[in-house]
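A short worksheet on the structure shown next.
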Amino acid sequence: MDKKRRSFLKKSAVGASAVAATSMFPSIWIKNSSLAYAAKGEVKVGVLFSLTGTTGIIEESLNKATIMAIEEINDSGGINGMKIVPVVEDPASDPATFAAKARKLVLNDKCVSVFGSYTSASRKAVLPVFEKRENLYWYPTLYEGRECSKNVIYTGAVPNQQQDEFVPWLVEKFGKRWYLIGSNYIYPKEENNYCKKLLEGLGCEVVAEEYVPLGHSEFASVVNKFKSLKPNVIFSTVVGDSVVALHRQYRAGGLDPETMPMASLTTSENEVAAMGGDAAAGHFTSAPYFMVWDSPENQKFVEAYRKRWGEDKVTHFVSEPSYFQVYMFKQAVEKLDPSDIAPDTIREATKGVEMVAPQGPVKIDPATLHTYLWPKIGVCKSDGQFEILQQSSEWLEPVPYKAYPNQQCTEEGLKEV
Amino acid sequence: MDPTAIMSQLITGLSIASILLLVALGLAIIYGSTGVINLAHGEFVMLGAYSAWALQTFFSLNLFQSLFFIFVLTALLGWIIERVVIRHLYARPLDTILATWGIGVISIQAIRLSAGGELRYVEMPSQLASSVSFLGVDVSAFRIFILIFSAALFILTWYLMFKTSFGVKLRAITQNPEVASSFGINSDRIFGLTFAYGAGLAGLAGALISPLKSVYPEMGTPYVIDAFFVVVLGGVESLMGTVFSAIILGELTSFISFQSNDTIAKALVLLAIVILIRFRPQGLFSSKVRG
Amino acid sequence: MTSNTEQLELKDVVVSFNGFHALNGLDFSVNEGELRCLIGPNGAGKTTALDIICGKTKATSGVVKFETTDLTNLQEHQIAREGIGRKFQIPSVFQDMTVKENLEVAYCKNNKVLSNLFKFKLGKEEEGLEKLAELVNLQDHLDVIAGHLSHGQTQWLEIALLVAQNPKLILMDEPTAGMTRQETHKTAELFLRLKEKHTLVVVEHDMGFVKEIGDVISVMHQGKMLAEGTASEIEQNKEVQEAYLGSAGITNA
Amino acid sequence: MSAVIEKESELTINTGAKRFGNTTSQVITYALVCAAIFLVPSIIDDAYLLNKFSTYLIMGMLAIALSLSWGYAGILNLGQALSFGLGSYCMAMTLKLRTVPVHTGSEGLPDFMVWNNVETLPLIWQPFHSFTFAVLAGIFIPVLFSMLLGWFMFKGRVTGVYVAIITLAVLVVVNLLIIDQQRITGGFNGITDLATLEVFGFEFDAYGSSAYYLIAIFLTICLFLALAITKSKTGKIFQAIRDHEDRVRYFGYDVANYQVFAIGASAAIAGLAGMLYTIVMEFASPTFLGVKISLSIVIWCAVGGRHSLLGSMLGAIIIVGMQGSLSESETFLETWTLVMGFVFVIVVLFMPKGLAGAVESLILKIKSRNQE
């Protein structure tokens, strides 16, 4: 009796530990079912935006825009009848976790594409797995350019698209003494490289170029430097929560945007909502999209977004590409036979895809896989929204290597000219 | 540097120092008297900021009207946490690192799930939104307000610690718990109140910095690290030390960042901390060393 | 075995903390092989005197000499290597380690990090360590974790740790504090045995114990040496009686 | 009758008072766990899972390193990630140089340097053309750096929380400098887009069993080396210093030398772990030497039981594994950090000596029940 009971106990212990093991590492038991990407009338995609951690404050809205686009497509019949199944992961604002989760989406979940990332560091961290495993990454954020990967579709702006019209306009309107301030990482440094080239051509003077640590929130000395150097334009590529602190302390310090405006490539409705209209009013931003842009597509987008996520939510120039790039994905996949659906065929099908996005008609450049966009210049009002002062006369070609004329991104990769 | 610039950086340094002091004061009291290494201190700061946001958004209270409620709310929360968790850990202070880290993680996610993960806006009181002339320099009125407020809080705390029976009891427990208990001092109750007071101060700090900085769930993390530097440098059982180390760090940051930039300022200030602690491990203003 | 060679000498030692003179020109010397008791009312500076010898506190001025070496500028471990061992008032043994491991650590023939890194077995020392344990009556507790020992046993263990160092001079700060009558008596016996090989300086309050072990007694007062002599000489000394007047009397101080 | 009682009471005292387990049983337990680790690839043949488990093992190595310095020698090093990151950068630099011909043609500069308009390879990059140099650097740079810092602190008798604050401050400074010196270090992006490690014609694929075995081998070596250190007389002196630094000094030991050695040994393991991490993650990032990971290591050791090398290692693997699988499950997508927070609080309240301590007392309980 005793023996029997023991062996029973043993068995149940084994059983219990097996249950524990499966619940802890569920993926052990999911074997590679098939190699086909689109099976059972489903197309699996990864959604990789931080829901926690420091950049979660912005990436959360990118996640929301992406999910909404997927839901809309599924509600209107999917892609040729196939549903898009999103696998959402939280990379927690940490490059290593980004890399780990990207691996899961590519290797384990066999996603056919992944939508994700905000920072350059996280994009660089996930690149190896997409390049070595021939998958496709859709990156919605404006970035510093100088990348020519065959495994990334870039739907955000590159420096020439944000600056070519913005910088000359500012010089004409405010003057030639510029103060460049950015967060200490590659995006601001590269944007400033490009900016300095433009300023040189316009005969301007850079009175200071400075970088603050990421996440910095004490701008007292910076504001004092503004006061003592008195630049005509403060060109800001400060990102994230630091933007809010910079604007609020600028205003609290008694500076006036009439004579010393901040011109930013990174201040969107999202940050303005957190700094208050008062602190934002009078400063300029250049971007392909603003929430107030008047077009039927944008009205639909903004209404749907607020209905889905809450009336107090805002859309901005990174959430808009997060939204429209899913539709571009749909258009590309639609062209394919279900048995042909794979990352490389989707990439080929994406080349030259056109659609009318909330910002206007956009197109994927076949050579660079970057996007033709509509740069706009906006000035912030005290109600927290921008007023659009000017838009480029045509969609602007993305030139990721514009500052480096001896290099060119082509369909065959980076070429030295 | 011309004299106005020097004056202006001096005041900027004081302003940075006052924010450091505001954030560090609660930590100094908790760590100095109970030995608890409260890694969740930054989250109390964050909760203070979110309380300000919630009171403004849902009850239309401005910052001045909310301060009292914020103090009470965060202090109450601190007291509950002390009663439920920290109370069991006084005998093993190192373990408080793990427990308070856990509490911090929970608070961050609880706020994210309830108040949302995006940046939040706390309005600056309109009376203080402009800049004023102070000693010949143009300074933000709100920064001056923070300066005065944190000085007042410091004096109040000092009074509490050295002039009230609560403070006497607390210091007795800190110096010799056994003797104190033989005199009938209820250390349990005193520690609970101390923790609550420290948490309440952190909450006030969060509310006061929220109009100058940004409010989001992770905002507390940088503050707790800075606050620990201030407290340890000042000497863990010296309130005066905390003030002086905040002023030293604030002025250093101010002048170095004006001459070069904030990255170099941060690095050099940290190196200064390393060297000061190495050659004065008991802290700048304390003769005792907590092990 | 007591010889007349002077082993330890403190000359005009001053120690001041923030203006307070804990030692105020102390002169103190001990001969090789002696068992010297050091007594005095509270705050007389007895513990500080031991601190000065073992390097825990640095003298503001004055000379501390051990045999031919000047200890004034040496660090604690260097002083220990000169042959001085110290037992503290609050017993300090390694609570999480077994009695044997405690003794092993204390046995400091070789103090280099790297050579100790390749030392896993006790070898010849084992016997020595067991003998030491026997000396303090802990031979049956070699594998017991030190934190589980009784108070008296802990005191003995610390004494054994000192002996393991094999120092020429052993400094004891209130070794019988907290011991029962019986344990105190055993300790006295132990000290008399130690005296054969080591010089001992014992700070003690318990006059019964002091009488049991001490040849010569030194009395400190207000950071200075007040008197020196046998137990009966000391008890009759007027100055000593006055010094103790403030406290509860010489036997029970 | 009374003799029996006496015997029994003696027995209970002994089980409570004596050290749990002897060295032999400890070695056997350690060996069994390592054997289990080696068996994993033969059970699981999945690129993603092997890659993931490889990273868990590396975190385990970090926990061993901290257990050695904190659990044994009492040095709460909040800069443990510094050694980890330096090791990681050394490996990334040499692997980056191997990709150079592919990226920038004949000039031979890593791509990010070209982006930053660097014209010639910086001096400190030159020796990393040699793989052997890089591997040695990956261990000895962290070791030398830590020992220097240790010497600076411990010769000044810095202890306890002050060690934590100094190591933390130094970590933040180095992190800031690496981010700031983008031209040489790749800045916040780190060093990305690396070649696959190839030694003697043998390729270590980040997603294959080769890299996994490589890590398992080094983990085993580190675990047993660390165990050997703790069993040596030096290891016992570490513990003595942890419990009573001054007491040890009065025995004649130069305590600072032992502390410097402890922090150095722990840095060697962390540096090695960093190099392996670069191999499986395929990049190096300044976040590898961040405050967050440094604090995480402390948490792993506390959960696993910092006085036990194996406990700390398993603590790391369990916590990281739990974080991974909780955040992957749809149910906990939004609440996984909440769950982790509660786990930490509960472990502290109910398992003061971590998992290792809980297991020890459980086994002791079972043993004494068997004796009844």
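We call the chains A, B, C and D, going by the order they appear; numbering starts again at 1 in every chain.
We adopt the following convention: a residue touches a chain if its C-beta (ideal position, glycine included) is under 8 Å from a C-beta of that chain, and two chains touch if they have at least 3 such contacts.
Worth saying up front: this structure is predicted, and the values here are computed from it rather than measured.
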State which chains count as neighbours of chain B and simultaneously of chain D.
A
Applying the touch definition from the top, give me the chains sitting in contact with each of chain A and chain D.
B
By C-alpha centres, the chain nearest the middle of everything shown is D
What's the chain with its C-alpha centre farthest out from chain A?
C
Could you put a whole-Å number on the gap between the CA centroids of chain C and chain D?
42
Which whole number of Å gives the spacing of the CA centres of chain A and chain C?
72
Per the C-alpha centroid definition, the whole-Å distance linking chain B and chain C comes out as 46
Compute the distance, rounded to whole Å, between the mean C-alpha positions of chain A and chain B.
35
Could you list which residues of chain B touch at least two other chains?
108-109, 263, 266
Check: chain A positions touching at least 2 other chains come out as 51-52, 184, 211, 213
Note: chain D residues in touch with at least two other chains are 176, 179-180, 334, 337
In contact, pair by pair, are chains A-B, A-D, B-D, C-D
For chain B, which residues are in contact with chain D within the complex?
37, 39, 85, 88-89, 92, 94-99, 101-106, 108-110, 113, 225, 228-229, 232, 236, 263-264, 266-267, 270-271, 273-274, 277-279, 281, 289-291
Complex contact set, residues of chain D against chain B:
76, 152-153, 156-162, 165-166, 168-170, 172-173, 176-177, 179-180, 291, 295, 298-299, 302-303, 334-335, 337-338, 340-345, 347-349, 352
Listed in rising order, chain A residues that touch chain D in their complex are 24-28, 32, 51-52, 88-90, 92, 94-96, 99-100, 103-104, 107-108, 119-121, 124-125, 127-129, 131-132, 146, 184-186, 189-190, 193, 211, 213-214, 416
Interfacial residue positions of chain D with respect to chain C in the complex:
13-14, 16-19, 228-229, 231-234, 236-237, 239-240, 243-244, 246-255, 257-258, 261, 307
Sort out for me which residues of chain A touch chain B in the complex.
51-54, 56-58, 60-61, 184, 210-213, 215-218, 220-222, 224-225, 227-228, 241-245, 248-249, 251-254, 270-271, 273-276, 278
